[in-house]
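Consider the two complexes below, in which chain A is the common component and chain B and chain C are the respective partners.
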Partner chain A sequence: MMDYGAAIGQQLINGVVLGLCYALLAFGLNLIVGILGIMSFAQGEFYMLGGVFTFAFMQYLGLGYVTSILASILIVAFIGALAERFLIKPLAEKDMEITLLGTFAISIILMNLLEYIFGNTPQKIFTPFKTLYNIGPLVINQQRLVIIIAGILLVLLFNFMLKNTKFGISVRATSQNKVAANLVGINVAKTYTLTFGMGCFLAAIAGALMGPLSAVYPSMGQNIGLKGFVVIVLGGMGSLPGAVYGGIILGVIESLGAAFISSEWKDLIGYGAMILILLFKPQGLFGRKGAGV
Partner chain B sequence: MLEITQLEVSYGAVQAVKGIDLEVKDGELISLIGNNGAGKTTTLHAISGLLKAKAGSIKFNGQELTVLKPYEILQQGVAQVPEGREVFPELTVFENLEMGAYLTSKDSKLFNDTLEMCYTYFPILPKRKNQLARTLSGGEQQMLVIARALMSQPKLLLLDEPSLGLAPMVVEQVMSIIQEINKKGVAVLLVEQNANLALEISNRGYVMETGKIVLSDDSKNLLDNEEVKTAYLGI
Partner chain C sequence: MKRLIDKKYLVLIIVFIVLPFLVPSSYVRNLLVLAGIFALLALSTDLVLGYIGQLTLGQSAFFGVGAYASAIIAKELGIPFWISIIGAIVIAGVLGYFIGFISLRLRGGYFAITTLAFAQIMKLIANNWIELTRGPMGYTKIPSPSIFGLEIKSEIPYYFLTFIFVVLIIIIIKRLIDSPTGRAYLAIREQEDLARAVGIDVFRHKVQAFVISAMIAGLAGGLYAHYFRFISPDLLGIQYTSMALMMVFVGGRGSIPGVLIGAGIYTVLPETLRMAGTLRMSIFGVILLLCIMFMPGGIYRSIAGWIKRKSKKNGNIVQQTTVS
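On to the complex of A and B.
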């Protein structure tokens, strides 16, 4: 009986860690969905870039793990902003629906470009956070602890920024009423570019943090990009708290499902949950109809 | 102050404004009346830079506005109160006003003075300060949007149908505040379907029909004009 409880506890920890990474990626995706009003198919590739760049900086430039993460997430945010400014914005001016294909194109271009440069061999990121901690019968390694702390801090930080700073309020104002935003002097085009960059930034952090727990390779964004959709369907399109709760819920049910049913069922459980939500609560668990960010 | 010459604007495939001339001088309160679909809102959107002019010019104190972005036009001192109470629904009343001063809030003394002025015009707003804008009544939302525009300290205020859908008593209140704002030296261009109301408080008026200005005169003359009376005043 004791063993069973410990196993559940262990899987809960793993689930929360995985869930916080989903949450960061989905928080960024919901920023993009909620503020620009477009769905991005490239979110998984920005996650991948975070991981692959972190690996590359460590491997080829000899930088430390933390420095490499900081450098890669800033570069990824910049790439995201450029993609919005020079690809998504011109498309959106012609037809909002084409932007969906535009982000799909970004996803394929990034994946293939990186494969061309680095090859598709899975690589390992070696983290300096290797200590193991024992909490009663449970074991947690330092990297997982770092993910939990960083994930919570980032969500709180972005939430604070959006609620309390002039920039954050102007971002929310733009999502709630574009005409009025223009009329009060908010530079809407710039807000969109910065927001898309922030969304990519969050995905990249998740990728760089998860790197040491799995492996990094150019096509790693495909599956996690789909998980991003599952999370925002669970939590509610455009809902930021929804992205966080939805991410953690998905991470936990996947981990428990993998441990106690079968690891082959892991994806089925996640997508199954998405279909149930779409059927019975299409606005998501935490979404409100017609609400802005 | 504002000089529009031969302005043409298309709204999608439709040419909604077909070459109009319109002028607002310093300190004036000008009304632009006409039926639904005459091109009044399109004209205001072109002034604010929300729509691009197809031809013609809009000069504000000598500066051509048709080449500027909406936030640059606001910086020049032209603010718009759009039709239909366009608040930021999920922001508080105070945050809405703060956004109104988006380009000017660096000087906090100026911000506070302007805020005080708005609160004096609309005493209901300080009472609702921390409420979300979507919880306000229609009249309160209209007041909030006017106050939000005033927070940018405009020299020219464009108002699009401020009376639409408001209770008669609230309409009177809003109209008298618009007059008060104008008396403080802010020029006003007032777009109204309610021609009577607009002509009562304005110095001069323009009548717009299917994209063209068909009449312009002192407001009191327009109130006596037989065509205007039958077409717009319902007399």
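On to the complex of A and C.
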């Protein structure tokens, strides 16, 4: 009986870790969906870029893990901002579905370009955080602990920034009313570009943090991009706290499902839940009625 | 006027009949067969995308399910191709009804992610229902179709088999689009609320178009399976959906010749881009992006429009079939 409890506890820890990574990715996706009104299908690829760049900096430039993460997430944020400025912005002026298709095209380009450069062999990121900690019968390695701490800090940081800084206020103002924001002197185009870059930044951190726990390879973003949508549908489109709760719920469900039901079928739970929620509770589990995009 | 158009089609048909005998290698003939199969997939995608105006990201599900259905029926039950392919069409259609009935309740982006989620679920099933599909290793030794005891196996006979199906499907789609039902589709695409206001049952028409589209994709999948005689769960992967989207958008959505040109370009380009290796898909992505940015109507409309303007400038009156 004790063993069973310990196994569940262990999977809960793993689930929360995975869930925080989903939460970071989805938090970024929700910023993009909520503020720009664009469903980005490239979010998984920015997650992948975070992981692959981190690996590349460590492998080819000999940088440390933390330095590599910092360098890669800044580069990914910059790539994201460029993509918004030069590709997504002109499309968004046309129509929503064309924009959606545009992000889809960006994801195809990035994934295959990276595969051309690095090949599609799964690579392992070697983390310096290797110590194992015992908490009673449970074991947690340092990398997972780092993810938990970094995830919580980042969510709090971004939440604080959106609520209290000038930039955050202009972001929220733009999401509420684009025209009015423009009237009071907010540079809407710049806000959009920065928001998109920020969304990509969060996805890249998630990819770089998850790298040591699973492998990194150019097509790793394919499923996770859709998972991002699962999370924001669970939590409610445009709801930032919802993205965090939704991410952790999905992570925990998947970990428990993989351990106690079947690891092959675990993805079915998330996709199935998303379809059901879209049909019966489209505002999400935590969203207010009428909220959304 | 009518005879003129007929003559034009006749010329095209003759060109396509002679074509496989003119090309130099079996590799190119192989590409021609592939172009036909992918043209069917693109036409099926365009029915949803171009005529009822819904961005579907799940077309690979029907392509893959059609392939598996026909292969399994033909091999496990020992039933000839001509019946198994009908089985594939029916099964893809039933699945299309199920998925369409659920996802078409949602609009725009929500519809897109739901269809994508369904495609991922189908891929998951193909990978893990090992007893039926043999899982990720793929399903092998699929029987070739045969007619009067002759196997249709090499490129040229299979080319003609595919060609007949393509012509048949083009005729069906054309008649459908020209019928009152087709006009209802266009009304839904242009102004959904207005269409509803004039009494069109929007949801029923959308589901109907979605089911027909799924059936055509299933047919394409079946043809693919019996040609390569090997299939794997990759067929349900997103790369086939993105391929179909590229054909439709590059060629020109909502136009049959446009989509066919898109399928042709997509299949011929790999040959010219061969040195590029895996970079190829990236180049296609760039082409797709450029097309939606600068040629939202697709290549066909741009060229047709250019010819029209040019001939007007010269003062000639040229018969031009209208492009909807």
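Simple rule for what comes next: the second predicted complex is superposed on the first by the 288 of 293 C-alpha atoms of A that agree within 3 Å, B and C clash if a C-alpha of one lies under 4 Å from a C-alpha of the other, contacts with A are read in each partner's own complex, and residues count from 1 in each chain.
Convention: a residue touches a chain if its C-beta (ideal position, glycine included) is under 8 Å from a C-beta of that chain, and two chains touch if they have at least 3 such contacts.
Note that the coordinates shown come from a computational prediction; the quantities given were computed from them, not determined experimentally.
Look at A:P90: by the touch rule set out above, it reaches chain C but stays clear of chain B. Counting residues of chain A touched by each partner, chain B versus chain C, the larger count belongs to C. Once the two complexes are overlaid on the shared chain, A:V179 sits against chain B while remaining clear of chain C.
Contact with neither chain B nor chain C is seen for A:S263 once the two complexes are overlaid on the shared chain. When the two complexes are overlaid on their common chain A, residue A:T121 makes contact with neither chain B nor chain C. By the document's definition of touching, neither partner reaches A:T131: not chain B, not chain C. Applying the stated contact rule after C-alpha superposition, one finds that A:N187 touches chain B and leaves chain C untouched. Contacts of A:S170 after superposition on the shared chain: chain B is touched, whereas chain C is not.
When both complexes are overlaid on chain A, the residue A:I108 reaches chain C alone and has no touch with chain B. Within chain A, the residues touched by chain B in the first complex and by chain C in the second are 293. Across the complex, chain C meets chain A through its residues 55, 57, 102-103, 105-106, 108-110, 112-114, 116-118, 120-121, 124, 127-128, 238, 242, 245, 249, 277-282, 284-286, 288-289, 292-293, 296. Against chain A, the residues of chain B that register as touching in their complex are 48-50, 69-71, 74-75, 79-80, 82, 86-91, 95, 98-100, 102-103, 105, 145, 148-149, 152.
Within the complex formed with chain C, the residues of chain A that make contact are 39, 87, 90-91, 94, 96-98, 100-102, 104-106, 108-109, 111-113, 115-116, 222-223, 226, 229-230, 233, 264-265, 267-268, 271-272, 274-275, 278-279, 282, 293. The touching residues of chain A, counted against chain B in their complex, run 166, 169-170, 172-173, 176-177, 179-187, 291-293.
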